[in-house]
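Next come two complexes, and both contain chain A; in the first it sits with chain B, in the second with chain C.
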Partner chain A sequence: MTVSRAFWKIALKNIGTIITYTAILVTFGTMNMSANNTSLQYEARKPAIVVFNEDENVGITKSFVGYLEKNTEIKPDYKDDDKLKDALFYEQVILVLEIPKGFHQDLTFGNEPEIKMRSSAGYQAELAKVVVKRYLTTATAYAKLHLSEEELAKRVDATLANETKVEIKSKVDSAKYGKATRYFSFANYTILACVITIICLIMISFNRTQIRKRNLVSSIEIGKMNRILLKNCCIYAVAVWLFYLALGFIVIGGEIMLSGYGLIYAINSLLFCACATTVAFLISQLVANQNAVNGLMNVVALGSSFLCGAFVPAEYLPDSVLAFAHVLPSFYYVDTNNRVMNLESFDFASLWPIILNMIILVGFTVAIVIVTNIISKKRQKIA
Partner chain B sequence: MFWHNYKYALRTLLKSKSLVFWTLAFPFILAILFNLAFARLHDYDVFEPFNIAVVNNDEFEKNVAFKTAFNTLSDDDSDEQLFKTQFVDMDEAERLLDDDKIEGFVYIADAQPHVKIKTNGTNQTVLKSVTEQVSQTATMVEEIAKSEAGNSEQPTMQIYLNAMKIVSEAEPNIKEDSHVMNMVVIEFYTLIAMACMQGAMLSVELTNRCLPNLSNRGKRVAIAPTRKSTTLSSGLAAGYTMLLFSLCALILFMRLVLGVEFGGNIWLIVLLAAAGSLSAMMLGMLLSVALKTNEGAKNIVVVIVSMVGSLFAGMFGGMKIYFDNMLPFVNKISPVGLITDGYYSLYYYNDLGRYFVNLGSLLIISAIFFILATRSLRRSRYDSI
Partner chain C sequence: MKNVIEVKHLTKSYKQNKAVDDLSLTVKEGEILGLLGPNGSGKTTTMNCILALLKFDDGKISIFGKEMAPDAYDIKAKIGVVFQEVAVFDELTVYGNIDYFCGLYVEDKATRAQYVDDALKLVGLEDNKNQYPKQLSGGLLRRLNIACGIAHKPKLIFLDEPTVAVDPQSRNNILEGIKKLRDDGATIIYTTHYMEEVEILCDRVIILDHGKIIAEGTNDELKALAKIEEKVTVEVADLSPKQLSGFEKIKNVDAVSYEDGVLKVVFGKGKNNLAEMIEYLKSNRINYSRIFAERPTLNDVFLELTGKELRD
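Up next is the complex of A and B:
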């Protein structure tokens, strides 16, 4: 009881820092998820384009614009060219198209009007170019038949209406759960940063040489004291987890959070929280300086987030990085989140890889507790 | 006295392990992590042929257009290879898709092409797009041949050959003006900005040394017969030297070892880093005198300011433009945002107007922070400590 009281007394003394830091980091994760670059994770969506149409909206021009409206997402004109350039760089706009004056007549009479096109980099831009070129190539080919403008537009429309039917085998809408996966994967950083910084901030007070020596000669066993401290650290970690979960309801929505998928995300993040707590407890035994803790926290939290696919989808990471990531608990946490996104059914065979990841996470947690106890005992002898 | 203090301030800074870590080691660690994490994102224009299957039923065998197109696009020796194709029966195609051995498969039923995929993705979109293009090109050849048949007495084969020639020669007049830019560079720019922000931490440490209410050293400095301005400015100059050295090394490391593109000339790059780190130093000085709390809490506030600035500037996989649209003023006043935007404009824009706006803003912000901090410092009087 005395140990717990001391723990929370120190926590209360730093309550301003704790609340500010926890709130900022958790909100930080939420905001970042909303701003995440979805172009890295392809979802079936039409490419965003901007069309500057200087021609009259008649005949083949009308047909062309109609085709673009159907196959792309036409964004309103950008008045400021710098903003348009920025949007192209950040792939908010994939392609900019300029239809010149007299386009409909020139195309009909086979004069091959010049279309100006600016695009961003990447797959989306290439696909958008294919969409535009397909129309123009079809129209250019039919124009060789010397058809009337009306007939030309009709022929082009009829040919391009011949679309390929696509069947999607998976029953799971991975785009729907993609947002939740991004949210919970980013928690790798948020949870680690929050838990390590705050727990170490409190634990450093217990580990000051004078206080540690006083505790060592007290009647309480070191193992028991460590257990009580760890229990209280866990209470803080659960509070962080609940806070993150509550924000998840707002950001992701109750439908997903209250489903079986939401339950797996929640259990997985709780297990990771427990593992992060033990990591924080271990760091607090090794380091006695707040600056050093901040350094270690950033190396651990950012390092594992980058290497295990919390910030950048795992499929974009080099194989060597992924192979190394297997030795970190974050890898199994992020991998579970990715697997939930594509989970088709809740039978044992489908859930087994997820259960295995969770068992490995628990294994990491137990191993870190054992290492912490060994280090703590060694330090007791040195003291 | 200035240079004497400067020399000792520099020596004490270099002996502080945590400050050396934050200033000299941490940005390098992050740069290496970024390079590992984003290595494959650099390869925008590298297209790798992917695995698909084609169901070789009777309809496919009879469809010359599809057979020719998929054979050509699956040819290992061709530069135009898009697919690594297995020609199999329907059951085998389904099995391959279930086992994630292929991205999708194509089959023809009732003279119409169908694409079957497991989930949506870029490769799946390419497969659908190519199948559609083959089908539409075949329709186009058919339509043109039909039109020509009415006006020509040539044999059918010749008419079809002519139609194919018309389609293959149809080349729209498109003028492309595209610069292939790498969005990933923004992550590295935010990293330089974050490294500049380490100046705030250095500055907090150096200013705290002169504050009598925080340490015994501060008390000694306060009653020493040296002007407080000399002690503080020499310390800050020492911190600034250390930070600039670290930033120059970081920029060279990124440019020469990691191959990060900056555009512009090296002096403009260094000038922006110098202005950015100056603003961070002044911010640290202001926070140190304005926050009446212990050193640890001050450092946490600096870390928060730096991280929130980095988030808004586009670090951690987020998008700067999203925050620019949501809260445009944040990146206009945040040193991290201004530094990142400065490097972005050097890389992406042809003129230097935007770069100099960012540079000027950083200098103005530094001046404001400096004035506020010195006003607060000059008013310090202690009845008892």
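Up next is the complex of A and C:
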């Protein structure tokens, strides 16, 4: 009881640290959730263009302008060139197209006409150019058949009228679960920070040589004391987990948290909390200085969060970084969260990669416990 | 009186260096035993071996009639230890620290609260009980260190240099507290290199050097080993070589030294040496500003036995 009481008094003395990291999770985690929002809903946007037609609006030229009207948003003529330049700069207009005189004749005879184009700098300009190029390539190809202008226009219109229907087969709304994934992946940092900082500070206090000596000469069995400390560390880690789970209910919503997906997020984060606790134990055996804990915690928590894709999605990370990340528990924790987001069904085949990740996480926990025990026993030998 | 501690032929080496060399001692119930010796003489090592904090090479240690071992929790329940270095939690208050260490021995909440209050009173920290260790001065921190070691009212107390780097007021407070513990029935082992503290506190003294006992006994018994009866110190502004050599002819004088205006005359035996000295100074018209006589100290004993000062 005495040991437990001292444990929680020391933990409460560091309550500011827990509040700070929770604030970081709520602030940056929520920001992170709002960003990178990938939705299944797709709506094509037509690029805004300006067309200067110096040719007669007949035949293939009429067809071309009609095609542009259908596939782009043609803005009224900008008479003032300066205004047009400004519009291009501010991307109010993406592309400026000048159809030269004799355009319909050139195209009918198979000569690709020279069209002057000015564009803005963004990707939409390239898209607009593709739209223009698509018409010209098709028309040039048909022109080789030596068709009449009327027939050529008809054939091109018919070809370009064909549309491919794209249907997203996935039943999973990755936008919906993406929020939860980003919350729990960001929690990689805060769980590590809260668990490592507090447990390390407490354990370093108890592990100080003079305090250890005093405990060793007391009538309390040292094994019993270690068990009490371990039990309290576990209670603390579970409390951190429950707290972030409860916060998850508020931030993500009960619908996801109470689903099978939510259960996987919860189990995964619990296993990660257990692993973080053992990491904290290991660090507390290696570091004797409380001032060094914050530095080391930042290296571990921030480092693993960056390397394992907790902050930046793994697909943006270089292969070499991801290859190294495989030796860190955080990688498997974050990877599980990412897999949950795209989980189609709850059959064994779909769940197996997730189960495998969890087994690896447990493996890390066991391995760290063994290493910590070896170091701890060596340290206990004062003589 | 019963023997509380019996140490027989204790030997402890660090590689080639023998820290404790075939040391045997007994501590009797209710006494304050002083372990006196210079730094590195083996005091703390001996204490750590007795407390089963260190494995030793040879020997046997029994406390309260039972063999001491790391898992001898029944013996440990009756022991209190105050280590040389301050061992407290920075995150706990003065009261919280004493309560924690007392709680390792005493489970009952009401009893513990009483014991903690008693310990606070003993070391004079009642007004500081809600402060944190970092808010305390060095002396108060030492007092807290003592309170943490003795709050559970142990029957046997080990105090390892508890007054190192302590201001005079705190030192007096600590020494008074230790006397009070003895008066309450505790047996105390007090290690120090301050001979004055040993003379004030200890019923019996063991002088250690290089891990061996070089002398053992009461203060008077040890001083009898010094082979000197009295030291007379005189502050004399000016003294000619002839006058100086004249002091050596005084009856019972063993040694004379004169340095920086201070004349020291050592008498091997005899009484009324001070009176004879004054008479000699008068008859030879030697002006002096101050004169006093001292009985031999434990430092003189140590000097006699080892040829070096205790604080060397």
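Basically, the second predicted complex is superposed on the first by the 209 of 383 C-alpha atoms of A that agree within 3 Å, B and C clash if a C-alpha of one lies under 4 Å from a C-alpha of the other, contacts with A are read in each partner's own complex, and residues count from 1 in each chain.
Keep in mind that, in the parts below, contacts are C-beta pairs under 8 Å (C-beta built on N, C-alpha and C of every residue); 3 or more make two chains touch, one makes a residue touch a chain.
Nothing here was measured: the structure is a model prediction, and the numbers come from that model.
Participant: Which of the two partners, first being chain B and second being chain C, lies in contact with A:351: first, second, both, or neither?
Facilitator: Neither chain B nor chain C is touched by A:351.
Participant: Tell me the contact category for A:65 with respect to chain B and chain C: first, second, both or neither.
Facilitator: The answer is neither, since A:65 touches no partner chain.
Participant: Of the partners chain B and chain C, which touch A:211 in the superposed model: first, second, both, neither?
Facilitator: Only chain C; A:211 stays clear of chain B.
Participant: Which partner chains sit in contact with A:197 here, chain B, chain C, both or neither? Use first/second/both/neither.
Facilitator: first
Participant: Look at A:311 in the shared chain and tell me whether it touches chain B only, chain C only, both, or neither; answer first, second, both or neither.
Facilitator: So A:311 only meets chain B here.
Participant: May I ask you to decide whether A:286 touches chain B, chain C, both, or neither, giving the answer as first, second, both or neither?
Facilitator: A:286 contacts neither chain B nor chain C.
Participant: With both complexes overlaid on chain A, does A:13 touch chain B (first), chain C (second), both or neither?
Facilitator: After superposition on chain A, A:13 lies in contact with chain C alone.
Participant: Of the two partners chain B and chain C, which one touches more residues belonging to chain A?
Facilitator: B
Participant: On chain A, which stretch or stretches are contacted by chain B in one complex as well as by chain C in the other?
Facilitator: Shared contact residues on chain A (touching chain B in one complex, chain C in the other): 14.
Participant: Residues of chain B touching chain A in their complex?
Facilitator: Of all residues in chain B, those touching chain A are 17-19, 21-22, 26, 29-30, 33-34, 36-41, 44-45, 97-98, 112-122, 124-126, 128-129, 131-133, 135-136, 139-140, 143-144, 147-148, 166-167, 170-178, 180-183, 296-297, 299-300, 303-304, 307-308, 311, 316-324, 344, 348-349, 354.
Participant: Show which residues of chain C lie in contact with chain A when the two form their complex.
Facilitator: On the chain C side, the touching residues are 51-55, 70-71, 73-74, 76-77, 79, 81, 83, 85-92, 96, 99-101, 103-105, 107, 148-149.
Participant: Within the complex, which stretch of chain A touches chain C?
Facilitator: 1-3, 5-6, 9-10, 13-14, 205, 208, 210-211, 213-221, 382-383
Participant: For the complex, give me every residue of chain A touching chain B.
Facilitator: For this pair, the touching residues of chain A are 14, 16-17, 20-21, 24, 28, 31-32, 34-37, 40, 42-44, 82, 85-87, 89-92, 112-123, 125, 127, 130, 132-134, 136-142, 144-145, 155, 159-160, 162-170, 172, 174-175, 186, 189, 197, 201, 289-292, 294-295, 298-299, 302-303, 306-307, 311-312, 316-318, 321, 342.
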